[in-house]
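These notes are about the structure you will find just below.
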């Protein structure tokens, strides 16, 4: 009861604040333009200035927003839920579901404005657009010059939501549901929003030239490191085994993620053009090669090609290509896809067991490691013929590689520290883990009073 | 009366059932079970980690019948369920004290 | 056999009629323009007259049509099927599947023309475009001035289909399959088509100024009232309990509904623009808040936050925002979303048990009650800054609220009467319920001769 | 081990070759334009020459590519996997998954260029664009004049992938997984690529005027004949029965196929316009009537309307309308849809049992027979008012029907021979079937070491 | 002590359980089984081909109890599970030699 | 020969199986069952309405063994499956009249 109360009060406060904010007249139409480094605007040089809404670009971004939403629900939910144990699948689904819902609200209330509006010392946006104050149906943001700002808000919302949901995979089968709800709120606020601002919202990492087309750093490293730190603090499960309760649902979820990722990466061109197409096909080939490389590695290393391996490799390929999708050419994507099926495989099959942390669904091994590999290789393969905003080592710019490494390092340190603190706070308020008996009986019964299959 | 309980390999079920049917056995009850025995289970590999699956899927057949039929039924099951490979299963014979047919209330051999 | 015969004859007649109709030369190119009240045209003031197909708008409407189709199949089918009992899931899936198929045919044959073409006494359209006579690939309807009419026909088709499918949730686990097939045909014809005409096709409700952006009245009240009346006439199930056989499928279905609803509401702008974007983000936040509000209400009221609750709340939020999505601002959507998680919860958890009707999947509680709440609140929150076509109580127009209430009331009365009559007719022709023993054994076996899981 | 080695070497060779090819400077910007017979360009006469990227058309094709990908994963995977036996579902899913991944790679490496670039003797394209050499983000192909070529490459990639995956349904529950991997590579190379070139890439069948809007010949006849020949060579399963392990997943898959098919057929207009809309609505009504006609046929013929029947009929309707979607009017689509529910039903329920081949999931009965019916009826119903590129028998052009029949015949003969040879090669290298005991235990365990449900 | 084993129709389970509970039976164990008997299975039709489903879903109830209760329990089950239609099932009575309650180690009738 | 039948809590299965294995028990058969007893079931709440789930998931172990082993096996199961909480389950001992190994046709103790 105390828990519910705490949570409710928190949410209420946020909502009151936001309604208050909305009352203020939107007297600042001319928002200081954030100097985004996303490739998109640079990539459509034919449309220089007029800031006119293009229906084709808008259509693609509307669709991309829906696609990325679909990645969370039901995509990621099924991918994670299917791998969970039979007695914990609902709780696993519930973590993604609740995270998507919570972030959807908070993004509109204060996330967007602090991530994308204005720039205070390179560290965070300002609060002018709390509750989307001042954004009308014809507003256009400098970050995306041919689509309504409201569409850009929505598109970015889905990125924030899935990032939080991704983290959950590492905590399942032991974390209290109330602790997860609190985590979603706090981690979104103190980890996602700042990092998104740093890379895409005009903050320090973007300013220093770090390339991140669709979220290698903002989404995957961010989530992967939080997953690692969190699962270490949480501690091991009583039964730290991976026994997928429903592999067909895992494959379904993986297919949905792949599908949605076309919006994730393709939509990050912020326009319906050749760059979007390039990001799209790079995404497809990297996922395909990630799946095949993982499958063959497994076939050699552990004798059989598993379906879980195919699915895991595809996701790893998608993760690795994310920061690079709109920067590299097809050869770059090919190499990155193959590595995506090999490096995360060993992170998961060997490294994890050596280091003995219990990352239930390998969020760190796939998203953390994959995100780091992707971010660094973007600095190697970025081809200015694809996108003039990015020029990597292979095209004569070794500095880009350095920049990438520094940006990755800063993100890792920040996220690790923030996640650690957040876990301490949650532990103090509602506690982190369910009772051992509840854990053995399964979280579906203890946390939700339901059973998955009847 | 006796109860015969046979633990057999699942894919032999139809063959055994048909053979028993042919020899006039009018009823039986079947349960999906998991067996543990000399036959080793298999290993499943998820993300590079091995999991021993000790228990193997088997099917349990239960047949109540009059004493006179026991021998014939046992030998039918034994010959039909036999593959010669380890894990073919067992047949157990138990005493039954009473049988009642729910529909009619008949008792004893009439109820089978 | 008699049943099948009846059904076949009915369908044959419809088809013959339609083919006959097609023979007629399409001599009336200048169709009298229905004066639609949907917001879209008004919302894109930059495109005044030229009736030119815009590829971006067309792309968005093609996609939206696909999205709304996806809401029925597999979305709604899974949402409903997963909550049904294990022995009735296939029949439940089959009701949605058959409804979608039947309506897809009838819409083209006569539904579109009677709903959207012409206007006889404000009550119904005319039969000029039976079998889409006269609609070529370059035709444009006045109802949607920048997209091919054929795309508008398709988009509206998916709305008609899902509305019929929605009703089925109230009848499952006891209704004969042949009765359902008949119901789909009759109810589509005598309830959906007229109400769609009244609100969107130039009929009385639209003319009196009732606002319904994407179908609060046409879709949800319509379906919800039919569900209530129908389940009362059908009578209680032998086992009137709710034991979801597969909650992961329920979550999957809910996620698909949420995803597809972006096309449902966002596409109802009939253009790829800021209004579509506004409807999109309003949809997302209302669904998110519906889910969270239902979850917290349940957490307080019955101790545990269930997954079925999260999913139900999300759907309730989507229902409530439907009529308002392109009229209200984000604050309006926020309030509506929260109420969507609370009012339907009590309708379902308290009211239903008090009134003792057996609405198997709470179609009335969620769609009926949610639709009414949404329609009325649209009259409160409609913000002319979002859409000049709508101005609610809060913006100084109390008359709008009255109009909404009257439109809701007329719809309720009409649908209730028509549904009652249709049930009487079906009872006379094929009978309504399966035999009690078939009901206990499950409808999958008796109606379809199949089992869901082997 | 030997098997893995063979496969790895094969893939490596392909990749090396491709990287080598990429090194060559892209000195041929002016590619000889293939004279495609796809209807699209002809259908948008307003855009004659300028070869300018249209954002709306691009958006629709990006989305369509994603939709067709979704048809494979998870759509077809679930449709097939759900009908498979419980012990073989994962292997069935894995065949689709691996085919999609393999073809995604090979298409980029050499498939696209040999299918669509240049024309050697009407039989095959040339190798100029191996590894997409010379295709930049602003390149435009003559085959699709308003979208980036890279998007056209991606769109066509998804067609190639699903065609290979379709074949697998005939081989499941007995084929070695390594044999399938080899089959995917070889059959894609020697059957899909040439046939695609003949029909769409400027080759002989297109040149002689054969109409195939979205792949009746290229996709469905191609896959259906390969399925028939293959399953005869493979031989019967030990348990040649059809016992769907999870019908809700079958319905889910069918719904996803239907949804994705809007991109398949609608996207084949290669533009976001009325023709795309026409193809879309034709697709919908044919699927709906296929489902209903199959259901009623079954209801009469075998007493009960099954869910598997509804789903099978819908897929049959989709198959039959595929070559015709952008050529016929709504009446044509209506007739074709009804026949789609009847002819394939008897192919599957009667013919198959007469001829005694063991096509596990009726790929020939549904895709082969349906594709042939569709291709031929396109020659009957093609209406020049819909698309001036096609004029059928009913509109005074009996020659078109002849052309269709000849094109079908050529394709059948070619595919049958090539598939036969490929099977012989595979048999020699890795063997075709798993051991009988492995077959009885299930392929999930023997081929992948996994179980679907735990 | 005896064990009563009853094979009944699944939809009768709640009724039987409640009746036994009312007469003071404190425990039982239930298993989902498949039955083969005089009651014919049904036919499933997939794509026009018929499949005989020979086995019907049944529920097996197992109750350990003292000898004195056997008669009463048998007659309760028989009356409650009875629908008068073929396939209502059977009741079997077996001897038990010993019963132990795991929690306490109690033996014999005290353990039931 | 006897049959030992133990109804235990599912999460204790591995522990009990391993202990029996260690003491040389070479085979057993396991069935998923639902138990009804002193331990109360739980309540599930769907859309505000309560559903009593009376039956709890349990696991049934069946072991055929020679008379001499009975005592040791019973006490092993009892100690390993014990949590001290209500619902730990029961152990039943039954007489078996005959055992046959299907693969070889061996009978009696040799077949176990």
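Quick notes
As written, the chain order gives the labels A, B, C, D, E and F, with residue 1 at the start of each chain.
The working rule: a contact is a pair of C-beta atoms (placed from the backbone, for glycine too) under 8 Å apart; a residue touches a chain by one contact, two chains touch by 3 or more.
Keep in mind the model is a prediction, meaning the values are calculated, not measured.
Chains that count as touching both chain A and chain F, per the definition above, are B, C.
Shared contact partners of chain D and chain E, listed by label, are B, C. For A-F, the matching interface among the pairs D-E, C-E or A-B, defined by over half of the contact pairs being the same residue numbers, is C-E.
Two copies of one sequence, chain A and chain D, touch each other mainly through non-matching residues, since under half of the numbers at the interface are common to both. Set side by side, C-E and B-E show the greater C-beta contact count at B-E. Mean C-alpha position of chain D lies 53 Å from that of chain F. Chain C and chain D, compared by their mean Cα positions, are separated by 34 Å. Chain centres here are Cα averages; for chain B and chain D they lie 47 Å apart. Shared contact sites, meaning residues of chain A that touch two or more other chains, fall at 54-57, 59-60, 63, 243-244, 246, 252, 272, 303-304, 306, 308, 449-451. Across the assembly, chain B contributes residues 31, 45-46, 94-95 that each touch 2 or more other chains.
Annotation, chain-chain contacts: A-B, A-C, A-D, A-F, B-D, B-E, B-F, C-D, C-E, C-F, D-E, E-F (touch as defined at the top). By the touch criterion given at the top, residues 2, 6-8, 31-38, 54-55, 58, 60, 74, 77-78, 81-95 of chain E touch chain B in their complex.
Within the complex, the chain B residues that touch chain A are 45-51. Listed in rising order, the residues of chain C touching chain A in the complex are 43, 54-57, 59-60, 63, 67, 85-86, 243-248, 251-252, 254-256, 258-259, 262-263, 266, 271-278, 280-281, 284-285, 287-289, 291-292, 295-296, 299-300, 303-308, 310-311, 314, 330-331, 334, 385-386. The part of chain D that touches chain E in the complex is made up of residues 241-244, 298, 301-304, 306, 308-309, 312, 345, 348-350, 353, 362.
On the chain C side of its complex with chain E, the touching residues are 440-441, 445, 449-451.
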